[in-house]
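Shared between the two complexes below is chain A, which has chain B as its partner in the first and chain C in the second.
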Partner chain A sequence: MRKFKLMIVGLLLLAVLPVHAGLQVFACEPEWAALSSAIGGDKVSVYSATTAYQDVHRIQARPSLIAKVRKADLVICSGAELEAAWLPLLLRRAANPKVQPGKPGYLMAAMQVERLDVHQAVDRSMGDVHGAGNPHVHLDPKRMMIIAEALAQRLVEIDSGNTEFYQQQLLRFMQQWGDAIHKWEQQAAPLKGVEVVVHHKDWRYLLDWLGMKEVATLEPKPGLPPKAGHLSKLKQQMAEQPASMILYANYQNKRPAVWLAEQTAIATVELPYTVGGSEAATDLIPLYDEIISRLLAALE
Partner chain B sequence: MYKNTLVCGAALACLVPSSFVMAQGNMSPAISLVLQGQYADFSQDPEAYELPGFMLGGEAGLHAAGFGLGHGELVMSSTIDDLYFGKLTLAIADHEGETEVELEEAYIETLGLGSGFTIKAGRYFSSLGYLNSQHIHAWDFVDAPLVYRALFGNQLIDDGLQLRWLAPTDLFFQVGLEAGRGERFPAGGAAKDGNGSLTAFAEIGGDVGDSHSWQAGFSHWSADVVGRASGSHAHGGGTEIPTFTGDSDVSAIDMVWKWAPKGNVSERNLTLQFEYFLRNEKGSVDMVGSTSLETTTYDGEQRGWYGQAVYQFMHGWSAGLRYDRLDADNLGSDQEVLAEAGLDNEGHTPQRTSIMIDYARSEFSLIRLQFNRDESYEHSDNQIFVQYVVSMGAHGAHQF
Partner chain C sequence: MNWEGLDISILGPAFLAGLLVLATHVPLGQQVLARGIIFIDLAVAQIAGLGVIVAYSFGWEAGGWQVQTIAMTTALVGALLLFYTERYWPDVQEAIIGCVFVLAASAGILVLNSNPQGGEQLKELLSGQILWVNYQQLIPAALIYAAILGLWFGLRKRRHRLLFYALFAIAVTVSVQLIGVLLVFASLIMPALAVRHGRGNGLVIAYVTGAIAYAIGLSFSALFDFPSGATIVWALALSGIMAASVIAITHALRR
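So, the complex of A and B:
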């Protein structure tokens, strides 16, 4: 018991010592980690709670994440209930006053922009639908600009000593991003009006931006795994009115998409869902480059 | 914070329909309802169940044979203001034809107090061990591990104050203390003017690469026990109630290891879990209600552990294997009284092997089939359970 007390005292002393080297950013997903690095530069140290190979709906509030949130100056997540099953618990367990809801260190990206598919009333029979709207906003580059601005504002608020730096970084990001959007929109012109089947409604904003049409989902309801009965209905639907391609994200089980493709001779396209989802998708701009080039390749 | 909250704050009437919105963050309070039920089949009479060497209490008995309801739970939680979070859990269960509502959890907890400290007050699951702080409906098997049944009557719950501190390190390291009232089983009597129990715990954890994460804990619970009555003992049949008074100490080690390919749990994942408990008790056991008071000194040492593995082999489908073992070594001045109190191990080492398979259509519904080979006492029992667990309303938290 005496040793135990000594240990506690020792650790309490540790707690008081400053341990920060730059601003600590905890990003729930790789896209927000990438955006934080782009705006924060070398003034921030960024940790991503998930990788492109994980289904972010299903993360557990595991010990390593609690430890990271404990030290964070900023928590940036998609919000709109995407992380509803683990983020509130992480925030409670981490006991960090800087990143609680309502504080400058708590930034929910999707809540900074207008969301699609906001539901007044949700019912579980609809599947895992988010009442606050579709949270997969990082795949609309225009919404990303609004989020980048909000993020820069927060960084300034938290770390006002580096205001000028963050403003310059934002300006640089906006220029690069604006040029990139211009390029993508030209490249993607042939995709307009193209009809696709998707595994999950991950691509809602991307398709909306590019003017593509989602005609069916492999999941019978959002969040429920594709089932044989539903897939055979899709096969029939595709026989009557074939879509141009079947999209699935790199982290999703590809078997349902491959099965439907074999039955209908429609091409499947695996898309990196976020940064790190393919070898080339090392950052936000390469991610979009990769998505658009894979879609174009499938069209040919 | 969100639109819905503002709208609902203005019009109380919208609380009812919006109470079944999916996320905790979206409304105040988050409400969820858990329903459980099962069909149970036993080769022995479940009424004759005992664990030789242990005085049972709490909810240590077996399910009734045939169709039955499990614990229903009504859970409400919300942030109170920017500093506090509050939670209430009502457990609703039938006991011998009567519906009983039990206050299972009712606590407030600080949100971001600073420097890594959190204070929790009220009634809560103790942080002793690993499984103890999880709700029954989150367990991987129909029933509690034998050691939880034997030592805590399934779960250690107390009224008190918890202080915990999280270290500012990359490795998860947390220590905590709980001071409790010490009235509920396996404490009793709310000794020291309602300050009868004390818990200390330490947890460490982390990740190994993207695919593995782990946690280990050490904890200790002690209580001044006054008049702890044992309820579930089958012997005797009379009105004599074995009652313990003295000191009780429990030490625990727990370890959990989880694996999922690249950390993606959707398709396949594996959880390995192990807990060991050692209890020492010193005091006296009285047979309350005996004509000439039968009493004995009591010096008990009881150990128990379980290990389990649960593997999700495809989306929605999991299979699990669990092994339980207990061991009691109890001494006293009057062996006969000890035996009457159920503290004689009868030369038997209780053990149990369980296998289960479950199917989750979504995160909110589960159907489970379980088989136990239960050797708790001298008559081996083959037990079969079919269980459903569903939750409605607010999305439950994904605890590690």
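So, the complex of A and C:
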């Protein structure tokens, strides 16, 4: 009986005491969840607000999102206005002082690196353009290294007791990543100068890194659905100067890409946009492996 | 199961928002049912949204109260239009409302063609999310709803049809931004539908039915990590069915 009572007390304590598996990290997207796990190891417990099959521009509110941000020690997101429709609201509702803008617990990955397509004045005629530049920075491995450093620095700042651990983790990550970049650049050499049509400008950094050329987008303007006049112009452009492939992300509607492929006999390639976007893309390095192997396969 | 979302400071503002919306929408919903103009809220909300994107395309970069003023004014103009169509063509009012809805939505797409940024505004206007609501936001909404209820029940004896359309436009414009079109439609129609055969105290039963649905829907969405708005819509449907069954059984027993 006594044992039983003790057990009950123990269980109650377990329920009441927060299960403290180290630092609580709230990542807006799977790529930042993966990076946080890579650097934080077992000192952090990571939660990703979205999956690879969601359009992160817009998400449905769930109570658990507020609860997770409330408990978080670090919120890591792409930033550059990618999550502008929901992150500010979520941060305000959670009212966690540790992760508000300007605090060490608020890390916007894209803002740690130089961004492409930064517009001084965003004109409404330009479409769904992010004034702060293209936010899809996780598809450039070199920028990822800078972001990894910034993340490690934040973890040290928040959890200085484990400084040495985080530094070691970062070092290991940088070595692995450096080797991987070397390998990818060799593999991807045939892709240099290859011309592609993209659905949305989410491959901006990847193409820039691999030296590929974006010759057209299926969207007439970022964020606007493809429409007839634009598609017929594209068709004509491809008839005169065919691109090698048409790229679209796993979470996007593939019908515009398939339509253009049928009209022009150019191959379409579905690429995983982030970790979890295809069966093989289980982590950051496999994600890049997968993207490069699919591009190479389409070239043949 | 996920107990951490079951927190009054997370669910409290959302629940209060639900109660406030129910307060005005249940009596208006009974009226909507009586007139057989079920989709009027979608049409009015879409017209309000159209007003905002048109204002944007004229280069009027408004935020806060200006957007509200534009939305409210266009919604009222739309309501006035629907008031006149009901007057002249009452037999096809529901069809006209449907046409107005698709026309307003299509006009929005056409305007957005040259001005995609207004699209964000439109989405914000039409797809409010109940969980993002905080207490401060509820104060202006509560004041407007109180005024609406005061006018609605105060003028019970000599209500003009135009009063219904005007109050309805204002109520829907406010509530759609708080909780989104799906939940507004469900709060308007489902409790009122559940009690349509009830006698006398139908309004009270409808209020209770709606409040229970919000409480259950929110708790469910917290426990099972479902998007809250969609969960509450289903809770409203189920609690409406329960209420309607109870009413039907009591009627049968009395006979």
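The criterion applied here is as follows: the second predicted complex is superposed on the first by the 277 of 300 C-alpha atoms of A that agree within 3 Å, B and C clash if a C-alpha of one lies under 4 Å from a C-alpha of the other, contacts with A are read in each partner's own complex, and residues count from 1 in each chain.
In this text, contacts are C-beta pairs under 8 Å (C-beta built on N, C-alpha and C of every residue); 3 or more make two chains touch, one makes a residue touch a chain.
Here the structure is a predicted model, which is why all the values come from computation and not from measurement.
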item	value
Joint occupancy of chain A by chain B and chain C, clash or fit	clash
Contacts of A:251 with chain B and chain C, given as first, second, both or neither	first
Partner chain in contact with A:93 - chain B first, chain C second, else both or neither	both
Contacts of A:224 with chain B and chain C, given as first, second, both or neither	both
Chain B versus chain C as contact partner of A:190, first or second or both or neither	neither
Touching partner for A:131 - first (chain B), second (chain C), both, neither	first
Chain B or chain C, by number of chain A residues touched	B
Chain B versus chain C as contact partner of A:211, first or second or both or neither	neither
First (chain B), second (chain C), both or neither touched by A:71	both
Offending stretch of chain B which, after superposing on A, collides with chain C (from 4-12, 166-174, 220-228 or 292-300)	166-174
Residues on chain A lying within both footprints (that of chain B and that of chain C)	58, 60-64, 66-68, 70-71, 85-86, 89, 92-93, 124, 127-128, 223-224
Contact footprint of chain A on chain C as seen in their complex	2, 4-7, 10-11, 13, 56, 112-120, 123-124, 129-132, 134, 218, 221-222, 225-230
Complex contact set, residues of chain B against chain A	1-2, 4, 17-18, 20-26, 79, 82, 85, 109-118, 165-173, 175, 200, 203-207, 210, 213-215, 258, 262-267, 315-316, 361-364, 392, 395-400
Partner chain B, residues of chain A touching it in the complex	4, 7-8, 11-12, 14-16, 19, 50-51, 53-55, 58-64, 66-68, 70-71, 79, 81, 84-89, 91-103, 111, 121-124, 127-132, 223-225, 251-253
Residues on chain A engaged by chain C in the complex (per definition of touch)	58, 60-68, 70-71, 85-86, 89-90, 92-93, 124-125, 127-128, 221, 223-224, 227
